[in-house]
Amino acid sequence: MHNFDLITLGEIMLRLSPPGYERISRGEEFDKRAGGSELNVAAGAALLGLRTGVISKLPQSELGKFIKNRIRFEGVSDDYLLYDDTEDARLGIYYYESGAAPRKPSIIYDRRGSSFTKISLEEIPDEIYTSTRMFHTSGITLALCKNSRDVALELIRRFKAAGALISFDVNYRANLWSEEEAREVINEVLPYVDVLFVSEETSRRMMQRTGELEDIMKGYAKDYNVSLVCTTQRTVKSPKKHDFTSTIYSSADDKFYSEKPYTDIDVIDRIGSGDAYVSGVLFGYLKYNDPLTALQFGNATSSVKNTIPGDLPASDFREIKGIIKNHNASGIVSELNR
Amino acid sequence: MHNFDLITLGEIMLRLSPPGYERISRGEEFDKRAGGSELNVAAGAALLGLRTGVISKLPQSELGKFIKNRIRFEGVSDDYLLYDDTEDARLGIYYYESGAAPRKPSIIYDRRGSSFTKISLEEIPDEIYTSTRMFHTSGITLALCKNSRDVALELIRRFKAAGALISFDVNYRANLWSEEEAREVINEVLPYVDVLFVSEETSRRMMQRTGELEDIMKGYAKDYNVSLVCTTQRTVKSPKKHDFTSTIYSSADDKFYSEKPYTDIDVIDRIGSGDAYVSGVLFGYLKYNDPLTALQFGNATSSVKNTIPGDLPASDFREIKGIIKNHNASGIVSELNR
Amino acid sequence: MHNFDLITLGEIMLRLSPPGYERISRGEEFDKRAGGSELNVAAGAALLGLRTGVISKLPQSELGKFIKNRIRFEGVSDDYLLYDDTEDARLGIYYYESGAAPRKPSIIYDRRGSSFTKISLEEIPDEIYTSTRMFHTSGITLALCKNSRDVALELIRRFKAAGALISFDVNYRANLWSEEEAREVINEVLPYVDVLFVSEETSRRMMQRTGELEDIMKGYAKDYNVSLVCTTQRTVKSPKKHDFTSTIYSSADDKFYSEKPYTDIDVIDRIGSGDAYVSGVLFGYLKYNDPLTALQFGNATSSVKNTIPGDLPASDFREIKGIIKNHNASGIVSELNR
Amino acid sequence: MHNFDLITLGEIMLRLSPPGYERISRGEEFDKRAGGSELNVAAGAALLGLRTGVISKLPQSELGKFIKNRIRFEGVSDDYLLYDDTEDARLGIYYYESGAAPRKPSIIYDRRGSSFTKISLEEIPDEIYTSTRMFHTSGITLALCKNSRDVALELIRRFKAAGALISFDVNYRANLWSEEEAREVINEVLPYVDVLFVSEETSRRMMQRTGELEDIMKGYAKDYNVSLVCTTQRTVKSPKKHDFTSTIYSSADDKFYSEKPYTDIDVIDRIGSGDAYVSGVLFGYLKYNDPLTALQFGNATSSVKNTIPGDLPASDFREIKGIIKNHNASGIVSELNR
Amino acid sequence: MHNFDLITLGEIMLRLSPPGYERISRGEEFDKRAGGSELNVAAGAALLGLRTGVISKLPQSELGKFIKNRIRFEGVSDDYLLYDDTEDARLGIYYYESGAAPRKPSIIYDRRGSSFTKISLEEIPDEIYTSTRMFHTSGITLALCKNSRDVALELIRRFKAAGALISFDVNYRANLWSEEEAREVINEVLPYVDVLFVSEETSRRMMQRTGELEDIMKGYAKDYNVSLVCTTQRTVKSPKKHDFTSTIYSSADDKFYSEKPYTDIDVIDRIGSGDAYVSGVLFGYLKYNDPLTALQFGNATSSVKNTIPGDLPASDFREIKGIIKNHNASGIVSELNR
Amino acid sequence: MHNFDLITLGEIMLRLSPPGYERISRGEEFDKRAGGSELNVAAGAALLGLRTGVISKLPQSELGKFIKNRIRFEGVSDDYLLYDDTEDARLGIYYYESGAAPRKPSIIYDRRGSSFTKISLEEIPDEIYTSTRMFHTSGITLALCKNSRDVALELIRRFKAAGALISFDVNYRANLWSEEEAREVINEVLPYVDVLFVSEETSRRMMQRTGELEDIMKGYAKDYNVSLVCTTQRTVKSPKKHDFTSTIYSSADDKFYSEKPYTDIDVIDRIGSGDAYVSGVLFGYLKYNDPLTALQFGNATSSVKNTIPGDLPASDFREIKGIIKNHNASGIVSELNR
């Protein structure tokens, strides 16, 4: 039996944000949190009930210890964390400021040369490849630097070879690499992918796919043998009010799955809601092997993440079940969990 | 002359809630407040100008002292507080977490065996029965345990006998007792009641009343000689946005009173807004003996309570008058009290 | 060359407000900030790129030092601050409490006898009059007391004589003076004014102007040779949700300028948004000498100020440019500054 | 029977202090508290078990309401609070900053023209004079302004005439009046005084008394028929470490009482510890009519007040008893109240 | 090989304490932490490098989840946590208030009927007994209730039988059981114990041992075959300043070990420093099997725990090594870890 | 006339520290401050009354803006700040954790590749060299990287050539460069230096000077024509309690100056107290040209800095004068600034 249901790979950063609606350029306090796309996915899935771990590299310092402890707090295993005890070990940082119409939320990254970018294959123990049912990473890891890209690509190959499912979130970030560079590398990855997350806009612009959205989604399945292609639809009515739903194409039954959107989501903290979607879908997929259930868990987990301060989700199975039930309820619904 | 306009009976608890939108399962701080349905009523009425007191039992400890001080802070008399100096004295606690769509607010109770449940008739001084114009309690007090129920029932009888008006809020809580049990006890109480607060849903499900709402309300008056029957209408658009109004049936003039709803109430803290309604109605009733004024005070006091953090209201007569005036204003209204 | 683009005159106060939605009558903390209409204008313009200073008088104490430091923090020069080292030196204070429907925000002033009211012409150095391209003050300074009024009137005359443009915000406050008193004094000021800010309501009620809004605005230009007349339109949907736009009449080309409103502004702190409007208009006017650009900067700077805690704006040129661009964008707009 | 054991007269102020060791000239927060010498006395005595009230005048505003609520929170009656609803009603303020060697704590007052200074005899109900066993005020009330002085002097006379004991704390403040002025007024007060609090330094400098301390203390008793003369000895080792004890002369038995000092008191907040001393002595005197017990309660209540943030004491009878017991214990003392 | 070095058994509570020097009876905030003697031991040992777990029972609720997450945050395994999903599941609470001379720190317990007291042997998996090198519990677990006592006694027997070392901290609490009751039960436990922690005062009073301390310590070894007997010496100079050292008797070499005390420890939070001592000793013993090293780790870990807010220690191997080195250094020591 | 009395050169960092005694590895908040040795010097001198500026380079971002605003808040000119708008612009960071015996304070640096290390001579305007009476920098600037070293060396030459006095603080940091490297570079600097700050330990170890301290100090003056050589003596009794004084050698009168130490300083935040010393000495030297006054200002400014949270001093001329006066007072000193 596998020790893990899901292992992810990615950088974990210190997130600093001014409390409330204060600005980065003012105030005397930062909220201090941990975050990172692939950690967020592992945490979301762990809360729902999967056994998950994260491969990352942290400075061997009190800051690295803070991050490790937070990871454990979330129920994610620290078995595959690596530590950097060199002199220039550093933890990547990002600063996040909330938005309120007409002010957009904003992010400043300070992640160059972080310990994660020095990760090497040799540090990762060989038994890892057979220890999990699924491996997940994202385009951010591919974009960060040559080294993290090479490690990620090789890990994808090794996990696949060892029989793990591969999940991949394209997560294109224009501030990290060009569309050309990204397209080339992603195309290299796609043949290994079982579950793919890609937005319509990224499909069209960076991936240069054309046609109806459904055709584009189906295209990935056809071209690369992807089992599940997932595309989210977020409508930003204001920084504090979003609608959200998604579409999943399942190649096994050649069907599209969708549901009515969650509307008027009260956005407290939008960061990590995309990763929460991934965690919900992967949970649904790994636990129930049912695209509709995967979609429901993905949508609910993502929607409710927007109401949670910080990158990391905080909703367990019971809560997500309740949210799905309310979303599909017809009559009156109690307004309070008592 | 009476020393008090209103005396209430009920458990007072420590309320612990994570600040902002943080979760009970995370974070490192709790806001520390006092709350309890019948205290909330006494406090709301005191702020509006009535002389009020509360009968309750608190542990003889620093925690009990905290609660006593908060009660006084609200302008409520601590004359009838009882103290429990036994070894297993304890203060009931509840944990409250805010909601944001699609996350519902939630409550965890930890009130078993609290000092209040050990209250006894003998501790309550005899002169209390003639000291007040009105006595109020709620279904929660009846539901907590056999002992508090017996004390409440006997107090209702004694206050009534001594000439006080009796106010009762059904406030049915499914987590405290079954519908059958509740119905039986409430039916025992109703013959004593002058002012009754009951929701439509509770009337239909627990009380098994049928027909149009107006018929149901009138039914209480007819069956039990209740003077005023009050039913609130809350529309929960989202955890942060409610509409609110109410209907009052007055048996004296056999008329129904209502007004257009307060819409798009910004809900900061929903707890205690039902109790605030009661306090506003009782104030209006005791001060002006006019059902419409009672209704207006009830609706305004309840609506604005939603904007106040904590269980306890914080609005005085001047503020409520201003809110009623704005609610009924036709032209432009200043947006700022300067 | 002038050392300053803009010098303003006005009282600067300590602003104390309970955090979040707590009330002045409760809680154990105040947020401690600096504020004052004319400082707000100087700060907003400084953040956008003008060299600005403020003439004011502060107590020679740790509190005065706090205010001075905050002024510098905002990028405003403290060259023309005066200090009061008499025994009864005091800093004016105002207490501000947020609103949430149906609770209105409210303000309590405690500014009588503040050091500012003791300002004298003799303290202000003579070289100031030729040091700036523009001088700005508001009706508040005229209303505070006889002394501040006389100083303000004389400063207007001297700056005008020295060749500076004069900007004036009528900012009528009924709690400071009567309509009659205000009208008389303002009429004395108007002949000196180049840029005038006046609301429609004030034009009609206090200034007793009649007719269409456009006629009223044009009237000031005609009667007093004002170059730019600016009137804002704020729609208060709720204490937390406003719409905002404005109209500017430019006498040079005899044209009215306007743009579609900013809608559904998330109001975090409404105080100072009017002053932010003035700062944006003056920046646009002084930098580009173009009424439309002035209008766009005014509207954007004011709208976004509502999302910033405290009186003082916090938006630089790059942010305001981005907001204007988004406001006028047609297609999809990124929801996050990354 | 009297309704009150002790009624005091004095100004109550808003106290604003930066948290921790932050400075008034920096930071973004103030702790918001109520304080005032005579309120502090009433609160300390109430916590110990006396029924106390305070005569003061507050603005009829949310700030006044805050103060009133805090007074009630402390267990002090608000029966004799007066409210100022004039336009220039204001609450006196003081700013307090902590010390740490070699930085001294510091205070900035902003109390001129406060509502208290407008107090008048006519507002105070006649039944008050016979309602209490003792009346207390201090030299601060005499020093504030002509009006508060006249009211205080007349109250002293009327309470005395009505049979109440008079307690007076000289509390000389050089920033409020000159030594000559003070001496003259105090000499007018002394013939009425039963319990006198005066420091050695004040006796020597302002009161111009000479000789040994014991002679000075006895002198007050002889010259003015004072029953109890109390003088404290505070040794300030550093802003964070004090020693404290006191001496009491009792004219009834012509004896001096003293005890070994409390040493190495951890000073968290020194303000109000003198008032706490008064409250402890008055409690001991009124309750036990025993100078030694009065001294012990005074010393213990004062010493422990230094460990409490804010002006107001927070120690009840049980705590003070425990501290007195520990102070006099010989063997090992448990280090924790469990 | 064993999966764990150390497994402990004990109740884990929510700890609520007012920030800084505020009191339980005042203020509006509680710091929210997890604590419990045996968890503290497991956490301290985990931070030093052992693989540790804790057997406990938590409510199946958001509060239970909070505790579980905190346990993981500390590096302790949650493998053997049990969850109580009954209706009356509850988390034990204790309230802690800091001390400052002459105010003692104080604790209020509210732990009756907590989920832990319902723990049963059946819930604990059988493989646990062979999974660890050592098992630890304390007298608190024996004292809480009959059920926890029986479970603890049986676990001691089973772990011993399975070959694990047994560590036991007498930790006598007079508020939980009488001396007679405790003595009888502890005497039942002692024959199983390999490492014993007992204070001199408890040895003399509750255990009724007499003679020199060294004789008493040796007595346990002789009477019950205990390998290591550990007794701490704490000198409480003030609530904020302690000295600390300990003595260990090792029966293997029949020797006493001690070192010069840590003096003038700055006590920020005294709770859990005794448990930290246990964790340090057990770490030294299990890792180095050397009584002197065990003593050094115990003393250093305990001393530094006093400087850490909360029950739980926060010092890793590197920090403790540094503190031991400084403690034994002769010349100048750098004052800052840079 | 010069526009500035003092211009300094150095890196300015974001300082992040957990509040109170919390640890970097735990907690959810960081205090957010600005700091840097040479900024601290400029700020201290500005508060005392000099006109000062700082040459530094900051990222062109909201973080850079925060630092700029803080610099202005302190009264230091931002005229010579440079901005880095390249893609890899970053602000150096350091994390600081307080100490409490036996826990030492600790610092983690994350400053590699900061924008400051990219400063270039070309960016610095030529008029700067004649704009100031004195230029100051420290060994940290020389140690950071080749580029900052070259810029610093050239600036020293140019300022000297333009007639400015040169102040230099050796400030040797073993974590930045080796003793050999440092010695070689410092020796290159010394011929330009007028005021030198160097500790005894650094003189002996890194600079390899031998003999009595006085001989060493005199040696610098003789060998390099230094006017003033300043050496501080800090005695660290515990992380929270220091003694402090210093010795100054003045070559003009060939005399040593010293005074009795400040004892039992309550250390709230030790960082920046060395820089505060420099600022006090330079103020005294530039203002009074008197070594004893310089020494007194240096010692007082440094001692009191230890009581101020953050790197930056907060004491003005009046406060420092008061501290010097108290330090030299013989009789009783008031314990409170009222």
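By written order: A, B, C, D, E and F. Residues from 1 in each chain.
In this text, a residue touches a chain if its C-beta (ideal position, glycine included) is under 8 Å from a C-beta of that chain, and two chains touch if they have at least 3 such contacts.
Source: prediction; values computed, not measured.
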Same-interface partner of B-E, chosen from the options D-F, C-D or B-F, over half of the pairs matching: C-D
Chain pair showing more contacts of the two, C-D and A-E: C-D
Rounded Å distance between subunit A and subunit B, as computed from the means of their C-alpha atoms: 45
Subunit C-subunit F separation of Cα centroids, rounded to whole Å: 40
Multi-chain contact residues (two or more partners), subunit C: 20, 23, 25-28, 65, 69, 106
Touch-based graph of the chains, sorted into line, ring, star, complete or other: complete
Subunit F to subunit A touching residues, read off their complex: 16, 23-33, 61-63, 65-66, 69, 88, 90-91, 93, 95, 97, 106, 108, 110, 112-113
Touch list for subunit E against partner subunit D, complex: 20-23, 25-26, 99-107, 109, 173, 175, 201, 236, 238-240, 270
Of subunit E, residues touching subunit A in the complex: 65, 69-70, 72-75, 316
Touching residues on subunit E, where the partner in the complex is subunit C: 27-28
In the complex, subunit F residues that touch subunit D: 20, 262, 264-266, 268, 300, 303-304, 307-309, 314, 319, 322-323, 326-327, 332, 334-338
